[in-house]
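Next come two complexes built around chain A: one with chain B, the other with chain C.
Entry: the complex of A and B
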């Protein structure tokens, strides 16, 4: 079991020694069970940091923000940023390293192993509690979540409460870290793409009606894009940049500003947006589930990314987020890549 | 309606091979269906997935991406990248429920005018029974 005091001690040490600018971790939110991100600059504040199965967020997005902020500063503080990561989050860092978006020196990684389990799914929890408000969630030694809610404690087997991604996690411990807390033991996952099977067994028309129903809901708030640590482009293809077309505007300038996707949340446009996003995340998505978590309309976005993750593994033997020195999926090839679909 | 339906195919053709192949078919006066809108690209590897989605979005009934045979790429390895990327696009389109035969890829060299006409004829034959593509089409 991980003792959160060890984490606090290390955070305190690196802050005191001035090794890092600040530490990004989790802290208890006043309002409810789920934690919120904590940005700790003062070594005396480290007691705010927590670690429990409710720490569902992927904090690596803040590394992307930090890089953008640093680029805008005149005299940036060159020290690294400390960050608390789980297994999945550490793979996000690996992808950012692989793409040379951040350097290894930019970040001090405090890795926490999920130790056979993982984090909870807030929607599953809400269903179990039937309106009651949970105050505390702990994992006991027998693989049960012990939930303290109004009027006593409830024991629920971990598998019923874990997030879908945790049930299919390829490595529930950090793959890159400066400090590792907890055991580096791997839970055996028999069916890493189980959630997809139901979808894939549907007929073409059933799949189409499923996605039409789901993607028609999309209001294009772009929360999925905002929460994704991999969506770091300065200019996104779905953002229409209006510019004045005058007599002097050259064809090249016009061609560079094609309106690929309409802003209106019509189903046809939503399809293009979500498919483009899925393609851009092919071989990069590390399945942290943030897009689905932040979606205000509960669109199962994770399926799209998971599908391409599955194909990448099946067709090309590629798994995202394990080796920062490996070339990325779409910028590499092998002679023996399948081509049976090509005439 | 269905029997009179003429599908509209958007074909992304590599400048160095498939486009020249279609040219050969033309100058040799080979007969093939006039349903194709050819778009010359510099390499099949330069075809972004967005081009394909956008073609469907703007009313294509079928999309063809055609490049050089593996090993023949003018840019040495562009078609190898294309092969990977297009495999993913194809799987994604099938996953969301588009008919698999609406999207195809082929290798056509500059000398294969005959193969090009064959591919187009077969593609049109496959698309005719499917009717117009309305799934991804933008409502006008």
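Entry: the complex of A and C
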């Protein structure tokens, strides 16, 4: 079992010694079900940091933020940023390293093992609690979540509350870290793509109508894009204007910019947006599940990513986010790469 | 005109309203949304806060302004496309969402009356449902001059009395809707009235969240434009549009041409929702962006709602529905932000 005091101690040390600018972790939200991201600058504030199975967020998106902020500063503080990561989150860092978006020196990684379990699914928890607010959630020694809420304590088997992605997690401990807390024991996952079975058993027409219905709900708030650490482009195809506009860009050039996706939330446009998003994550998505979690209309976006993850594995034997020294899937070529799907 | 409607008679009333298109909360797995209902069975009036408010019916995310065609350069054909005649009822509107429409009315009803908005607004009747227990843990309507049983903006207000509704018709349109099924509505007894008052009093006590002394916030905001406060508060913001798109009072939009064919030139001019939280919202044609970061965008959201709108329209541009709090992926909590503003520097 991880003692959160060990995490706080290390955070305090690196802050006190001036090794990092600040530490990104989790803190309790007084009013919500979930914790919220915490940005700790003062060593005396480390007691705010928490660690429990509600620490769902993938905080690595804030590394992308930090890079962009630094780029805008005249004299940036070059020290690294401390960050708390789970197994999946650490794989996002690996992808960012592979793609040379960040350097290893930019980040001081405080890795936490999920110790054979993982994080809870917010919606599953809300259903079990029927509107009550969980005050404390812990894992006991028998694989149950022990939840303290108004009116007492309830015990729920972990599998009933864990996020879908945790049930299919290929490595529930950080693969890259400066400090690792907890067990580095690999959970055995027999069926890493089980959640896809139902979707794959549907006919083409059934899948078409399923996605037409789901994507029609999309209001294009772009929360899925915003939460994704892999979505770091300065210029996104869906934005109505092009960011590469400078004072020298002529009116003709501006008028000639191609608009790939209309702003209308029509099914056709929503399809293009979600196709672009999904395809750009092929061989990159590390299945942190943030896109699906943040969707305010409950669109099951993880299906799209997971399917591409499966294709990458099947065709190229590639799993994203395990080796920072390995070239990324989409930027590498091997003689033995299959090409029978090119028609 | 106060009446009583038995809950089991509600489907009969709905059937009498067939001449109207009826929107009501329907449940899809874990969330409620307002959809056009074809049978009374689809209506779920035991609903918690809906994903989007009825704003989406009056001010849809996409509105076609006109269609254009340019067969020859000098004579473009332009066809106005006003919303069609389609008398509509929204059944089960929360008081906060109805009040929100009275605020967007101020924006679209100034010197320039927005014809698209008013065409829909004037043919839509709002049947409200008072709250007893708050439909969201983050409801705070009482703090922003609203209440769980506010009648503002509604044609009819229903109050749940267990097996019946206490029905108050508030406008002539409300009377019209009740008169379509006169025999279903009975006069309330003294006991019904007492129960109704009790529920109203309880509903205010049931609210869990509030901001005290909110009136201190607008003047305080005036001096906070350059404050580092916004950088700290926006640190965790992801730059998505959830808070504004889910907001029942946010009303900003963008106008684009959707070109269907280039020769001959043919297309539609459309209006879509837009949000101050996206970088291209304020992007200038020169490439300069006066709101370059998320701190300035969070500041805009707060200042618009609690300073500029207050100055212009004498109302907070917030009705306390709690959607932006509940749905924010990183738990940015407008109540906490406002409390910090209120106490800033003291």
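Here, the second predicted complex is superposed on the first by the 325 of 343 C-alpha atoms of A that agree within 3 Å, B and C clash if a C-alpha of one lies under 4 Å from a C-alpha of the other, contacts with A are read in each partner's own complex, and residues count from 1 in each chain.
Here, a contact is a pair of C-beta atoms (placed from the backbone, for glycine too) under 8 Å apart; a residue touches a chain by one contact, two chains touch by 3 or more.
A quick note: this is a predicted structure, and the numbers were derived from the prediction, not measured.
Colleague: Mind working out whether A:297 is in touch with chain B, chain C, both or neither, as first, second, both or neither?
Modeller: Only chain C; A:297 stays clear of chain B.
Colleague: Please indicate which partner A:266 is in contact with in the superposed arrangement: first for chain B, second for chain C, both, or neither.
Modeller: The answer is both, since A:266 touches chain B and chain C.
Colleague: Could you tell me which stretches of chain A are touched by chain B in one complex and by chain C in the other?
Modeller: In chain A, residues 262, 266 are touched by chain B and also by chain C.
Colleague: If you look only at chain C, which of its residues touch chain A in the complex?
Modeller: 28-31, 51-52, 61-62, 137-138, 209, 235-236, 238-242, 245-246, 254, 256, 258, 270, 272-275, 278-280, 283, 285-288, 292-293, 325-327, 329-331, 333, 335-336
Colleague: For a test of understanding, state which residues of chain A touch chain C in their complex under the given definition.
Modeller: Of all residues in chain A, those touching chain C are 29-32, 34-37, 39, 57, 61-62, 69, 72, 123, 126-127, 131, 133, 219-223, 225-227, 239-241, 243, 245-247, 249, 254, 262-266, 290, 293-294, 296-298.
Colleague: For a test of understanding, state which residues of chain B touch chain A in their complex under the given definition.
Modeller: Touch residues, chain B against chain A: 49-50, 53-54, 57, 70, 77, 80-81, 83-100, 104-107, 119, 135-139.
Colleague: Which positions of chain A touch chain B when the two form their complex?
Modeller: Where chain A meets chain B, its residues are 199-200, 204-212, 237, 260-262, 266, 268-269, 271-272, 275-276, 278-279, 282, 304, 307-308, 311-312, 315-316, 329-333, 335, 337-339, 341-343.
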